[in-house]
Amino acid sequence: MSSKGYIALLLFVLLGFAGVWRLQEHIDRQQSAVESEDDQLMLRSSKLVKGLSLEYAPLMADIYWTRVVQYFGNKQAGNQVDLRLLWPLLDVTTVLDPELMPVYHFGSTFLSDASPRGAGRPDLAVELLERGLRANPDEWRLYYDLGFVYYFDMKDYAKASAALYEGSKNPKAFIWMKAMAAKIATEGNSTETSNFLWQDVYNTTKDPLVKQNALRHLQLLRAEDDRKQIDAVADEYQKRFGRRPVRMSELVQSGLLRGAPVDALGYPYTLSEAGKAELNLKTPLRERWIKAPASK
Amino acid sequence: MTRIGTVALNTFREAVRDRVLYNLVFFALVMMASAILVGQISVGIEQIVIVTLGLSAISIIGLLISVFIGVGLVSKEIDKRTLYALLAKPLRRWEFILGKFAGLALTLTVNTAAMSAGLFLALFYVKHSIERADTAVLVAVYFILLKLALVVALAMLFSCFTTPLLAILFTAGLYVAGLFIHEMRGMQSGLIDPVLGRLLRWISYLLPNFENFDVMGAAAHGRVIPGMLIAENTVYAALYCAIVLAVAMAIFSQRNLK
Amino acid sequence: MTAIDPFGMNVNNESMAEPAIDIEDLTKDYPYGFLHLKKRRSLENLTMQVQAGEVFGFLGPNGAGKSTTIKLLMRLIFPTAGSARILGKPISDIAMHRDIGYLPEQPYFYDYLTAAEVLDYFARFHDFTTAERRERVQRMLEKVGLESVGRVQLRKYSKGMLQRVGLAQAILHDPAVVVLDEPMSGLDPVGRREVRDIILELKKQGKTVLFSTHILSDAEMLCDRVGVIVGGKLQGVGAPSELVGLQAQGIEILFELPASGATGGDLLAQATQTGDRYRLQVEEIGLYAAMQRLQAAGAKVLSVTQVKPSLEEYFMHLVEADRAQAAAVEVRPK
């Protein structure tokens, strides 16, 4: 073929692919209109998928897990994603390969985290972890995760303690799990415990998303502490001046606070109408705070 | 032009006389019939089963034909040396490629039409009526045809420069890859190295996207498929086929036959 | 290289007509080995002409490059160097294919078609009306003796029958140049005779025929000229008789000696004896002298014939020369 012919062919191919790219974008838009949840119908049946996978079930599990991550990642990226599909996906993945640890670990997090961040289903997280423990009794980390879910999301301190205690029986477990089990059994919820647990996550995890999440939790705990302290100051103010303070500046001016207190991200706290300390309207921590447990 | 047509019709004639094709079509029709049976067992989703099973059968059989016969279009003629006398005629090499493609495309159209007729018969038997919503099934069949044409083009391309076995593997591989474009896109959610993410994005747009043609859900549930999508998919398939065939024709025109 | 006339010019040197097939410096390398880095030269600088209207035999042992040359002409493979023209047009001109017919080596056709259908299929690439096409197909079937099995699928054909179908499709469109690659292979003597007759008929019609073969007797019988190719190189071109004329010609005397012991002496020593008869080979110049001596010895001369070496000997001579050269090349260190 002549060099002219080659050039013509190359041009055609390049232009063609450019056209293909453009078209694809159009088609993508069209397709999202056509797609719907129903498409997932057949794939929800974990038994069916397992059957169809023949001997490739673990491979399918990997693919499904990638899907879950992408799914959740999409949510984090701010896209509209319905987390109700998360459980079926996790269900199928763990049926396909019951030994895929990250699925239980991260999956339980995605499930138990309160909406809109997570699916807000700690009960399903528990089920997932228990399934994991049935298949992998030696995995003490699942007890750790279980303890987490019970403590933070379900506030069932008895069960949280029990889980941590079970896990601590394994010689490879974290050393502090036994002591923590005892502490929770006696004290229930405490800032100290919470702080410790989240700090541990922050220190040990290698995943940037999880680390960031732990940091958020720590910042919120600090905010809780701060709020309590500010409330105590406000009470003091009330004792002295006979009314609740309405602005933070009043507390500062009265000399009870040295300066306008700020949260971990640098946003100053405000006072509500009832004179209670609150997170600044603009702080990113607020997103979590609304759904966070009410202060005790 | 008539030379291409001559090659095409001969290819069609070869397919018609190949008994394997009849067996496959027969098998598909048996599936339609059994779909009716299966539908009886699962209450309430008779139609859905018929449509999904029927479309799956049409798709799978069509794919088998497209890949295996598609690869053989060129390689069989070279192996068996039937091509030698043919190329001594006033027939250009690229006309040969186009003619072969057209012939198999025609074959697939006829086969698919026959199987779809069976599908609609099964549907009619169960529903006792054909409604507007069933046009979605027709569109789904059309999309399957578009997809098959693209697979044939790919099969021909690979068979022009590799062995038949490798051609089959590459074609099948590309097809499967083309079903996971969605996953590839999702992978750019910041969880991986950005350079890799960029590369994946490019690949995800340039690979033949076979997900485009997947409307089985819509067809099964009688949802309307937008005309815009039909038009765009048609253009997409035509354009991509043109690219693939152009490269195939170029390669074949340079090839030394042994 | 023992070539009389590598450019074959002494045959038609009065007509400056363009040769039907004009090959110039045609070379073909095949890459082989890992990563295709090494090259095997299967044809080297072939320069050859086939004049219009002649039957040209392309001779050579297996693997010499005959098929390669023909495939290059038919554009089934592409040359590494050199060029060729058929009927004045370059081989890259696809329109030129209207005027050539080709029978490939060991032809095979679509076995799901009948002979009539195959011929019809091939005929469609030429501009015939439907009626013309049908008539031609029928005529060709009769010509190659297949009219009785014209409606039978080719998968049931024997090798000889396939060869005939191949021949039919090569001449169906009345081409000016017919190229046949080993047309006699796989045929029984009857089949070979038929092919020979067809080739002669083509010649009578004024067509140019180029065919390759390794059956030398066919070449001797049919060809106006032959080209001998060995080891990828053209070794000689010319009329068969001229080529073999290279060998030393001599005279063979067949004689008997009378019972009485005659003084043949040294002559007898040179002769080969079979029973009572002796054969003595002498050079032309020495014929007279030998005859005198034999007469003097009282021998009874039975016959005097010219020794004509066959094409086969010439051929073998060339093949051995090429092998020796190749062996010599291998011994040389790299």
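Points to keep in mind about this one:
In order of appearance the chains are A, B and C, and numbering begins at 1 in each one.
Assume contacts are C-beta pairs under 8 Å (C-beta built on N, C-alpha and C of every residue); 3 or more make two chains touch, one makes a residue touch a chain.
Keep in mind it's a predicted model, so treat the numbers as computed, not measured.
Legend note: the chain whose CA centroid lies nearest the centroid of all displayed protein CA atoms is B.
For chain B, the chain whose average C-alpha position is most distant is C. Centre-to-centre separation of chain B and chain C, using mean CA positions: 49 Å.
Work out the mean CA point of chain A and of chain B, and you get 43 Å between them.
Taking each chain's centre as the mean of its C-alpha atoms, chain A lies 85 Å from chain C. Counting only residues that touch two or more partner chains, chain B has 254. Taken in their complex, chain C has these residues touching chain B: 71, 74-78, 94-95, 97-98, 100-104, 106-110, 112-113, 121-122, 124-126, 166, 169-170, 179.
Residue ranges on chain B touching chain A, taken from their complex, read 52, 183, 186-187, 189-191, 205-206, 209, 211-212, 215-218, 220-221, 223, 225-226, 228-229, 232-233, 235-236, 239-240, 242-243, 246-247, 250, 253-254. Looking at the complex, you find that chain A touches chain B at residues 1, 5-6, 9, 12-13, 16-17, 19-21, 23-24, 26-27, 30-31, 33-36, 38-39, 41-42, 63, 66-67, 69-71, 73-74, 76-77.
Touching chain C in their complex are the following residues of chain B: 2-3, 6, 10, 13-14, 17-18, 80-82, 84-92, 254, 256-258.
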